Amino acid sequence: MDIATILGLLTGLIMVGSAMWFGGDALPFIHGPSLLITFGGTLAAVLIHFPAYRVRNAFAVARICFVSSLPEPPEVLEQFRHFALIVRRGGLLALEPIAEQQSDPFLKTGLELTASGCDRETVTAALHREKHAIAIRHASGRQLFEVMASAAPAWGMIGTLIGLTQMLSHLDDPKQIGSGLAVALLTTLYGALFAHLFCIPLAGKLESRHLEEATIRDIMLEGFLALQEEQSLGMIEERLRAWIPPQQRNEVSPDRTKAA
Amino acid sequence: MDIATILGLLTGLIMVGSAMWFGGDALPFIHGPSLLITFGGTLAAVLIHFPAYRVRNAFAVARICFVSSLPEPPEVLEQFRHFALIVRRGGLLALEPIAEQQSDPFLKTGLELTASGCDRETVTAALHREKHAIAIRHASGRQLFEVMASAAPAWGMIGTLIGLTQMLSHLDDPKQIGSGLAVALLTTLYGALFAHLFCIPLAGKLESRHLEEATIRDIMLEGFLALQEEQSLGMIEERLRAWIPPQQRNEVSPDRTKAA
Amino acid sequence: MDIATILGLLTGLIMVGSAMWFGGDALPFIHGPSLLITFGGTLAAVLIHFPAYRVRNAFAVARICFVSSLPEPPEVLEQFRHFALIVRRGGLLALEPIAEQQSDPFLKTGLELTASGCDRETVTAALHREKHAIAIRHASGRQLFEVMASAAPAWGMIGTLIGLTQMLSHLDDPKQIGSGLAVALLTTLYGALFAHLFCIPLAGKLESRHLEEATIRDIMLEGFLALQEEQSLGMIEERLRAWIPPQQRNEVSPDRTKAA
Amino acid sequence: MDIATILGLLTGLIMVGSAMWFGGDALPFIHGPSLLITFGGTLAAVLIHFPAYRVRNAFAVARICFVSSLPEPPEVLEQFRHFALIVRRGGLLALEPIAEQQSDPFLKTGLELTASGCDRETVTAALHREKHAIAIRHASGRQLFEVMASAAPAWGMIGTLIGLTQMLSHLDDPKQIGSGLAVALLTTLYGALFAHLFCIPLAGKLESRHLEEATIRDIMLEGFLALQEEQSLGMIEERLRAWIPPQQRNEVSPDRTKAA
Amino acid sequence: MDIATILGLLTGLIMVGSAMWFGGDALPFIHGPSLLITFGGTLAAVLIHFPAYRVRNAFAVARICFVSSLPEPPEVLEQFRHFALIVRRGGLLALEPIAEQQSDPFLKTGLELTASGCDRETVTAALHREKHAIAIRHASGRQLFEVMASAAPAWGMIGTLIGLTQMLSHLDDPKQIGSGLAVALLTTLYGALFAHLFCIPLAGKLESRHLEEATIRDIMLEGFLALQEEQSLGMIEERLRAWIPPQQRNEVSPDRTKAA
């Protein structure tokens, strides 16, 4: 569970909700036709823009904003220390039964290739291809959120223009101007909220996740190369630690590293 | 038929239509002079910007947003499995009668060059040139939609400014302010709708199509190179499958592939 | 004459004119002081931004939006078929009297260098330099139009702010609000019209023209290289046709080409 | 202490404060719920966008906008003149006790590596890695300020839309329009002030600091390489001065340099 | 004196002044507190963004928008013809007394290095370094104007929001709405005028000047290399003329060149 995403969304919703509630009541903010045109229009834009499989893919990718199965850098170091011990006892072939236990396809592919004794170039090429495919999927998901982030406010404005035109062309009772204007502004509010509370921050989270995953995959790739060259446990750790970004490095206790 | 494009356009139109209908009636939204200035102005901008043959070309390219004659990756695999069987039986020359049956110029050129025994470099260069020419045509069409997407809202605003000035300089009866303002806003609404329901999403679809076509052409190019080198059926398939993007790969059933 | 540019400008002017005329009368749209501040301010921005010779140059370049002396690709093919016949009869030296008849400096330079027997590298370098100088002039003209396209709406807004402030600080008679607001909005209208009917589309046309000229110059350069290598008429044509963009290629009748 | 940052912030706050104070009183500008939605929404956007450790890191980085422990170029020259004298007397090894006194990690690492007699490539690689890690941290901090600078005005607008809708749907007493509108506009004001007085200028300061630090690190790196090659004091200074940007060079008195 | 800059600024000021004057009177446009918040806020943004020496440097650089001591290309040609005559009579060493008379540091450095017989690489490297330092100074000055061009309208909007809130929360007398609104809009007007009459065009002029200076320095560098290789006067001129942009080349009379 990514607590920050949940917390951020909750914070935003509570802010908006309490602003609506304490400013009077929240009822005038719920209006079916306004919801329809803002989200229906955004959906229409997305349906035309992207082929169907990319829309499905984007929602699968969006899951990683909330739930992340990625290990942290210290856990990866721990994992590879474990693999190195196995290799020292049973040789590279001993990694084969371990590969089958992995659910992460990147780790699985890496362990299989290392166990089968592939050379450095083959392992690097295969894992880079895997990493590149993950990057494309993330970028593709991010692009969908960015398209929604620009379509939603535009459709909000279209809804407001429709509402304004209707209110203005049937202006019999000047007392209705206020409530008519209030309804017309709702679509602009929906569009802005959808873009700034969901689409733009989630696109940002996907980018952050992408950078984190790239780091983890780089550490793992270095780990497989280090296992192949059958270096000492200490040197393997040293090589992996060089790939951890300095801001996160202090999370990997150096004492424990030296003790190993 | 590209159902997503049709569905998206219908969704958008229904949203807009029902918002107009249920909010009162749709009549005040149809106004000849406002339509004229918004679309006439956009047409003027396009006529000045682009030479005539690029405007014609753009509408031809826009057709592929609605109708696509491109095969899906699994179909291309099936096609090349078929070609490989023919080559195995009758040699490369046996591809010649098949080339003549093809309507797709890329496939036709590729089959002709392969059948006539051209070397790897000639085939690659000729097909890359063909692929590049397709890319230029797509980019050229996309640019026209992008120019319209920025011209339409600008002309909508020009129409609104003209309408406002007229209403304000003949302000005898304050009761007419409402209806005058309603008419003045219509051009802004037209411009926004045209840009956000048609121009921007269709430019996006052209980009998506372009990426899909680039993938298909890459698979085909790999296929022609594989046919030349007369590899086994299994190896040809393996080489082609490496060019399918991972998101689409599961659509190509591996069982069927292995069975072949 | 470039009919599309004239037609586009006329279309735009007629749209605006009829919107003004049929919406009441066009008189309130003509206001000297508003014209002065919008166009005077834009002129001031351009005078400060660019050195004097670039402003002069930009208007010379803008001429090619309306009048184009560039031959079409089929005419260039015809020209080089003619040159090739002359070379076959009288050798490269026979091109010299022809060079003197040319008014286009690019063609003239190319013919002179070819006639004087310069080698491939000299011809290529000299003509590339000539092509690069043309590109710089076009880009320089385009930049001036782009600067005007962003200065005009800004000065329109400045004019509107001045008008609003004046109207609001002398608000004795509420009946004058309407006409005061109408006058204040005029500068915004002028700025938007100038930017979207003239500056932006003409900058676009300059870009289109630039791409066309680059194509024509590439065909000519290939032609001079082909003349030097004294190939057969058919091969010269084949080489030139490869430089014509596919969208325009069907305008060059292949039958006529083969007949030659 | 960076006096310019403090001075700039004070100038901005005094301007805003006096405009509020002398225009009547500052009380109407403080409104709890408006503060909540603007800053709560911005916080929500940041929480979703960035992983927690990058938010912590950004505030640590923001400290360098106010307090800078970086020496000026003349001080660095003075430092390395001092180091060079030590090396002349006691050899490179004599730098070791000095390394332990340094609090700046870059300088410490450089002195340690130089003292231990590492070769040019090792020193350069290690210090470039250190410099790159600093650059990433700065860019990461700057990005957070830029995200806030675009989220704050957006949430200000959302707050204003909520306030407007509330005011308009309970429009019983037309006398309340004014005060309702005033409250609704406050969130837009908060968002604009937060973005333009804090986020954007501080992001700019982080960029300026980054450029300054890059210069200082380049001078230091050159200094370590010069120490290794044990050149004369004059030549070491000459090499370091070449890395000082010309605008700052006159601050380093050349007379003193020659005297050394 | 750069007449175009002066003329442009005067044109803009006269346009604005007459629009204010003839539309009533200019008095309501001068308002101390509004001037304070717009320019004070912009100053605050600049103080935080840039280190102090870059602000000082920017105003020094801005001088070249008004006064330019740069020679025109024909004058540079004349200068180097003069230098070439001196070298022909007295050898490279004869340039030394001339170097001391020069006030332009680039020309001085070039003459000194050439007189002292430095080789091609040393002269090129030293003058490129000098040219690069000038480019950095220009870019740094331009960036400051661009930051002001985006800060001024933002602070204008902040001032308007403060003014609106004040007016709306003390809305006792509806007759005061007009004058209150007029004062509130003034800051937006100040910000827009400062950005579009000063900051943006002057940033543009700095860019134009930068391009001109780069051309002049390239001609001079070529001149020093030509002097070293002691070619004939005619060849030196031919080499220098190749560096003059074609638009300016006709200003350099070829007849005079040939006569020399």
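All chains are identified by letter, namely A, B, C, D and E, in their written order; residue positions are counted from 1 within each chain.
Just so it is clear, contacts are C-beta pairs under 8 Å (C-beta built on N, C-alpha and C of every residue); 3 or more make two chains touch, one makes a residue touch a chain.
Worth saying up front: this structure is predicted, and the values here are computed from it rather than measured.
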Fewest touching-chain hops separating chain B from chain E: 2
Chain B to chain C, fewest steps along touching chains: 1
Copies chain A and chain E - rotation angle from C-alpha fit, nearest 5 degrees: 145
Interface numbering overlap (same over half, different under half) for chain A and chain D: different
Centre-to-centre distance between chain E and chain D (centres being mean Cα positions), rounded to whole Å: 28
Where chain B and chain D are represented by their mean Cα positions, the distance between them in whole Å: 46
Chain C residues counted as touching two or more neighbouring chains: none
Chain-level touch network, classified as line, ring, star, complete or other: ring
Successive chains around the closed ring, taking chain A as origin and chain D next: A, D, E, C, B
Residues of chain A defined as touching chain D within the complex: 4-5, 7-9, 11-12, 14-16, 18-20, 22-24, 28-29, 65, 175, 178-179, 181-182, 185-186, 188-189, 192-193, 195-197, 200-202, 204-205, 208, 212, 245-248, 251
In the complex with chain E, residue positions of chain C that touch it: 33, 36-37, 40-41, 43-54, 57, 133, 136-137, 140, 147, 151, 154-155, 157-159, 161-166, 168-171
